[in-house]
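Look at the two complexes coming up: chain A is in both, with chain B in one and chain C in the other.
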Partner chain A sequence: MKGLASYFTKRVVFAVVTIFIIISFNFFLFRILPGNPIELLYRNPMLTKAQIDALYHQFGLDKPLWEQFLIYIYNSLTGNLGISFYYKQPVTNVLIPALENSLILLVPATILSIALGIITGVVSAWHRGTKLDFALLGSALAFYTMPTFWLGSIFIIVALYIGGIPVSGMYSLGLNYTGIIPRIMDLLSHLMLPLITLTLVLYGEFTIIMRNSLIDVFTEDYIITAKAKGADDKRIIWEHAYPNALLPMVSIIAINFGLVVAGAVLTETVFSWPGIGLMIYDAIISRDYPILQGAFLIISITVVIANLIADFVYSYLDPRIRYK
Partner chain B sequence: MTGLSDFWKVFKRNKMGLTGLGIIIFFFLMAVLAPFISPYNPNQTNPNLFLSPPSSQHLFGTNEIGQDLFSRNLYGAQISLEVGFAAAAVTVIVGLLIGLISGYFGGIVDEILMRVTDFFLVIPSIVFMIIISAFLGPSLINVILVIGLLSWSPTARVVRSMVLSIREWPFVEAARASNAGHFYIMFRHIMPNVIPIVFANATMAISNAIFSQAALVFLGVGDVNDISWGQIMHFALYSGAISAGDWWYIVPPGIFIILLILGFILLGYSLEEIFNPRLRRV
Partner chain C sequence: MNKGIKIFIALAIAAFLLAGSFTIPNSRASSTSTFIVGWGGTALDNLNPFTTYAQVSLWILTNVYDTLCVFSANQTQLLPDLAQSWQIYPGNGTAVVHLNPNAKWSDGLPVTSQDVNYSYYLAAQSWSRLYPYVNMITSISTPDENTVIFHYHGALFQLVALNNVFIVPYHIWKNVNASTYFGYNSTSSPHFVGSGPFLITNYTPNQYVQITKNPNYFNKNRMPHIDSVIFQFFTSMTTMISAFQAGQIDAFGPYVEPSQVGLIKNDTNAVLVTSPSVEYFYLSFNVYPQGQGNPTLRDVNVRHALAHAIDLQNLTQLIWHGYAVPTATQFPPTHPYADPSLKPYSYNITLANQILDSHGYKMGPNGYRVSPNGTPLKYTIIVPSSMPEEINAANIIATNYWSKIGVQTTVQAMDTGTMSAIIWPDFKQDIDLWDWLVGPADPTILSVFLSTQTETGTSDSGYTNLSYDALYNQMVNASTLQEVKNISYQLQVTLYNDLPYLPLYCPEPIQSYSKKWTNISTDYPGGPFGGYDWRTFLTVEPLSSVPQGQNNTMLYIGIGIIVVIIIAAVAYIAIRGKKKK
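Let's look at the complex of A and B:
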């Protein structure tokens, strides 16, 4: 088990370093690139020299750079991500509820897309070379190439044409719920379109990976042995082929967390889903840099942690890593 | 693969690759010919025709300030291809260099470069792109650099893993024995063997860049004044045309993006099939 411990230590160290680099990046971005807000304040001709100095002191800019850097890291780690220009509130207060809303959309979409990808991938691989395989692969590829925001927009237009399906926001405006059940039903009806959109743009890649790795596995000796022993098709697929084909899937799922986030940002924008993605879109328009940086940090930390979990799952599934 | 004509002989039998190439040529012609075949000046507004549906005068209808959407969609091909090729060039060059150096030298160099690669693989690149572009301000060069410099990690990984096996081949050993320098071996002996796969990878990089550019412009970072498919979709959302159900505004640019990306993906698959003997069906 020594191999496993050192493997985990390596992954955890890498995760910590990644987050550290992102925090440093945020720090330098704010100080090096043009258009930073303190410089804008500084240019205000109404300010006296004393006021400027007071501002610099308030932001800690009169201290040496390394000290500012340490303060910044301390603040970031303790959840002090600055004040939003637009909301005039601490960034954390704005982004944490948004993160929760994002997860309500993201988690089910990820799970659904993986399930859909595995099922279509298995069916496609088993019927490889047939029309069914062609159709499943074709639609997977089509959804994979579809821009998220475009698919979402098409759904909105269709839903408006049909009528009665909410296309924007998370809850109906101005409704007084009589209990928890109607509130949840309202949420679900708003969740439907963004969830379908995100699931569809994500599942295609899983189908292709699952199909290809299954077909690879089908040529292995132990599958031929199982066939020779007279095992039926279902058993060969689910007991022999599927567990082995799952390994490449797990690593692809881990690599894809970034894509999931991208998809979520775009989906939320189109459907005005009040998550971090919509926050980013609004922050771009209002040039709310603290929100942008805070969102980047929070999203990165989430993705890094998700990756770490995927690493652990991978090592659980693949004993070779444990004993290396 | 000894030459271009040999390559063409194999390639022209590959239906998937030919379809992809055909699609790409179609959009390439669209981009080049846009100034000559557009029925209207794409920037000319018409106060009498706000958001009018498709008609014989305006094949794709008009937008919220009465511009002809057919002309704008034709012009849109230019930016997508420009950004696609330029950003992919940056991606491929950086990925190739990092992969070559990492795989060839191994040891601590490899360890450091691969951790950097992992970093870029893990961080959500689209959000990273948004932040940097928002700070840098809108310009085509910025969008190209941001996309190119944040997308090279998969290429670097593929190149590295190939170099790891190539550097053990006898001819590399022979070169080393005859006292050839590191850079000579890397660029004259190893690189030519990696190039074919890099080309297959480049098509993926191009489709990724086209997608990222459209997403960035759609979100309002990048230059919203240049006509591009992403920009058309940005204004479709921003002007409220989508919530009004004006389908002609949003449908064409999306279909063009899907087709163009599909073209590059098909070309990429076929190149991989041709260059990777294990996948060859001949």
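Let's look at the complex of A and C:
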């Protein structure tokens, strides 16, 4: 028990230190980008030097970099993510709705891709060397390497050909919903294409990991023993092999959180899904430092927490870990 | 919970959703007066008329606030808006404006001269975007509730001061910090108060803004025919066109690239429109005396040779396929201040070579010229990576034209942030290919070339000419509009000869709307959906009572099937994964 508590404490301390390093890194990361927000946001020949100086002052960009950094650190630690240069609103007011919209896309896409990855990985591993294995593995690799933008565009073309399928946005604008069900269904209809796109882009990795992990497990003595005892195939897969093969998946899922957001940037752009990915894209173009810092902070904390949870789950599933 | 119950629950949920999908009313069919316009330009920043810089914000604000006057489509005549009449006395720099006595705010209070005075006071603050449009006003007096008297210097007042300042309600704005106010408050009541034909009724950040007809709008002649307008924002032009083809939006702007025109032409439900331009593309030569670009570009003879070596007519056609016109000035040819006597430099390779030869730029053994002091005529054109057509144009200029006169040119596409960092403050570039939007009614775009603009991050050529500065100041202080026009012509001739910029072409905005709508004019600069035309949503109306909704049956069947598959898959995994030994 003492080992477990010590392990947890170490993990939490590491997570906190990691988040602090990320906060600091975020500040400099975006300022390394060439160009500054004033030149990009206010390219207007009518602006006077005094007005431009006023804008620098308003955004705090007239202060020395070290002073900007200290202000940023203090604000970040007190939960103040600043005011967006572009939207002129508190970053949290802009980011939170976008984050909610992203979660509506990311959570089901992640769950579906994991489920699809596990199922195809298991089937592929069990039928390894067969045409079915080749087809499943080939499909997984193809979708894994397929550019998100391209795949999304293909779906849009197909949707236009079929007709009646929303290709952008989150809701049909100008509709007067008669209840919650029509609203949900409208959301689902808009979710369909981005969800399928993101799921297909993400599931390939899980398939490959699951398949390889299972193939390793299939060579273990206890599997051979189970076969020798006359256990049927389903029981060998789902009761003996699958739980053990799942361990590497835990790490991959946690690490994958960052990649999911990266995938979402492109998916949200293609389908005009108003999530955090689309907001990051816009913010990079306009060098909206507060939005970028806030978005990356939220994403980073999410990844760190996901990894922390993965550590705990891993140590729960495999007690050897916590005593190392 | 046993396996059977789990499957039953999963199927029940799926059936519920599937059943729900078939009961969705096609609400938009019964709401024929909502016009949805897609916007693929710079996103909305805020709805404060004093701090917004985004064109779409200004367009929305044009529909919800009034200015004193508005310009006619040809940009030569001021028309009444909040002002019912006005007299201008150029001799003593006075304008007397009489407000429409029927004008009311949407909360019922009358619009008074106090509102006008306060709005111009806010516009004149240093943080205000509108400061350059009102800085010629020396004082304002309000002798009564419906009269405003402006004292000003310079005839530019008539071009920029009466039509750019949105009049906001004093009784609302006196209670907010106007420099940071967003312009729409969803937590207060009322959320928004305006005097225009529409009111802002919904704003969802990064998604859309909805404006709804103001039933109390004072100008019955301009009462909209539709109930509401939704401005939906897009990052990808391709997605926006797809949304249009899918029937999700009724029109789009501010423009699409010519390569995308084919997508619209093939759509039998679309009306493709072009309108007078509000934009011009140019090559900017780095002529900044302290600049770090290739110094040979500071020689005006080199710039003249480069100008003569481009077949502008052909280039314009190649890049814009008939949707742009070549220009010789900083204005589109239809602009009221464009000097019609100036024509693009002739395409004459022989002349270009002669100019370079006669000024000592000898051809080197490698086929490229060097200056008398040995500097090779080797340039890099930087161009925004977001403009594929312009990257193509720069490559054509480099390989098809300038190579013929012994000039070695490379093209580098990059994001505008990187371009800005190269140009300002050290002027490290040789040449950049970029664009400017031009105010459709005034000559203030000529301020780009003032010497002071190198430090504001506006001038990308670094042009420094004190005579030009003095002449521009004369224009600002001219007492009549004719004088303004004459001086603006002189400024254009100066730029034409000095050639810090080589103007290329002015693209006509390509926009489209659904055939389900009518009464949309295309004569206003920028087009009906370009963010400039104040008339678009006052005149547009549905063509007929044809239902605008879509038949979504197939869609919802598809969704239902997918939901069933998803739930079945999840249930299957749950059951198999948790099966006890």
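Here are some notes:
Heads up, the rule we're going with is that the second predicted complex is superposed on the first by the 275 of 324 C-alpha atoms of A that agree within 3 Å, B and C clash if a C-alpha of one lies under 4 Å from a C-alpha of the other, contacts with A are read in each partner's own complex, and residues count from 1 in each chain.
Just so it is clear, contacts are C-beta pairs under 8 Å (C-beta built on N, C-alpha and C of every residue); 3 or more make two chains touch, one makes a residue touch a chain.
Note that the coordinates shown come from a computational prediction; the quantities given were computed from them, not determined experimentally.
Of the two partner chains, chain C is the only one touched by A:N176; chain B is not. Legend: residue contacts after superposition of the two complexes on their common chain; A:V265 is shown touching chain B, with no touch to chain C. In the superposition on chain A, A:L99 contacts neither chain B nor chain C.
More chain A residues lie in contact with C than with the other chain of the pair chain B and chain C. Legend: residue contacts after superposition of the two complexes on their common chain; A:I255 is shown touching chain B, with no touch to chain C. Of the two partner chains placed by superposition, A:I23 touches none, neither chain B nor chain C. Touch criterion met: A:L116 reaches chain C, while chain B stays clear of it. Shared-chain residue A:L160: touches chain B and chain C both. Contacts of A:F296 after superposition on the shared chain: chain B is touched, whereas chain C is not. Looking at the shared chain after the overlay, A:I285 reaches both chain B and chain C.
The interface of chain A with chain B overlaps its interface with chain C at residues 33-35, 153, 156, 160, 167-168, 269-270, 281, 285, 287. Taken in their complex, chain B has these residues touching chain A: 115, 118-119, 121-128, 130-132, 134-137, 207, 211, 214-215, 218-221, 233, 236-237, 242-243, 245-247, 250-251, 253-254, 257-258, 261-262, 265.
Listing the residues of chain A that touch chain C in their complex gives 33-36, 38-52, 54, 58, 86-89, 93-94, 97-98, 108, 111-112, 115-116, 118-119, 153, 156, 159-160, 162-170, 172-178, 181-182, 184-186, 188-189, 192, 196, 234, 238-239, 242, 269-272, 274, 278-279, 281-282, 285, 287.
Residues 14, 17-18, 21-22, 29, 33-35, 141-142, 145-151, 153-154, 156-157, 160-161, 167-168, 255, 257-258, 261-262, 265-266, 269-270, 280-281, 284-285, 287, 289, 292-293, 295-296, 299-300, 303-304, 307 of chain A are the ones that touch chain B when the two sit in their complex. Here chain C touches chain A in the complex through residues 17, 20-21, 23-25, 27-28, 30-31, 34, 36, 43, 45-46, 48, 51, 53, 126-127, 129, 131-133, 179-180, 182, 204-208, 210, 228, 230, 232-236, 238-240, 242-243, 245-246, 248, 415-422, 424, 436, 444-445, 447-448, 452-453, 455-458, 550-556, 558-559, 562-563, 566, 569-570, 573, 576-577, 579, 581, going by the rule given at the top.
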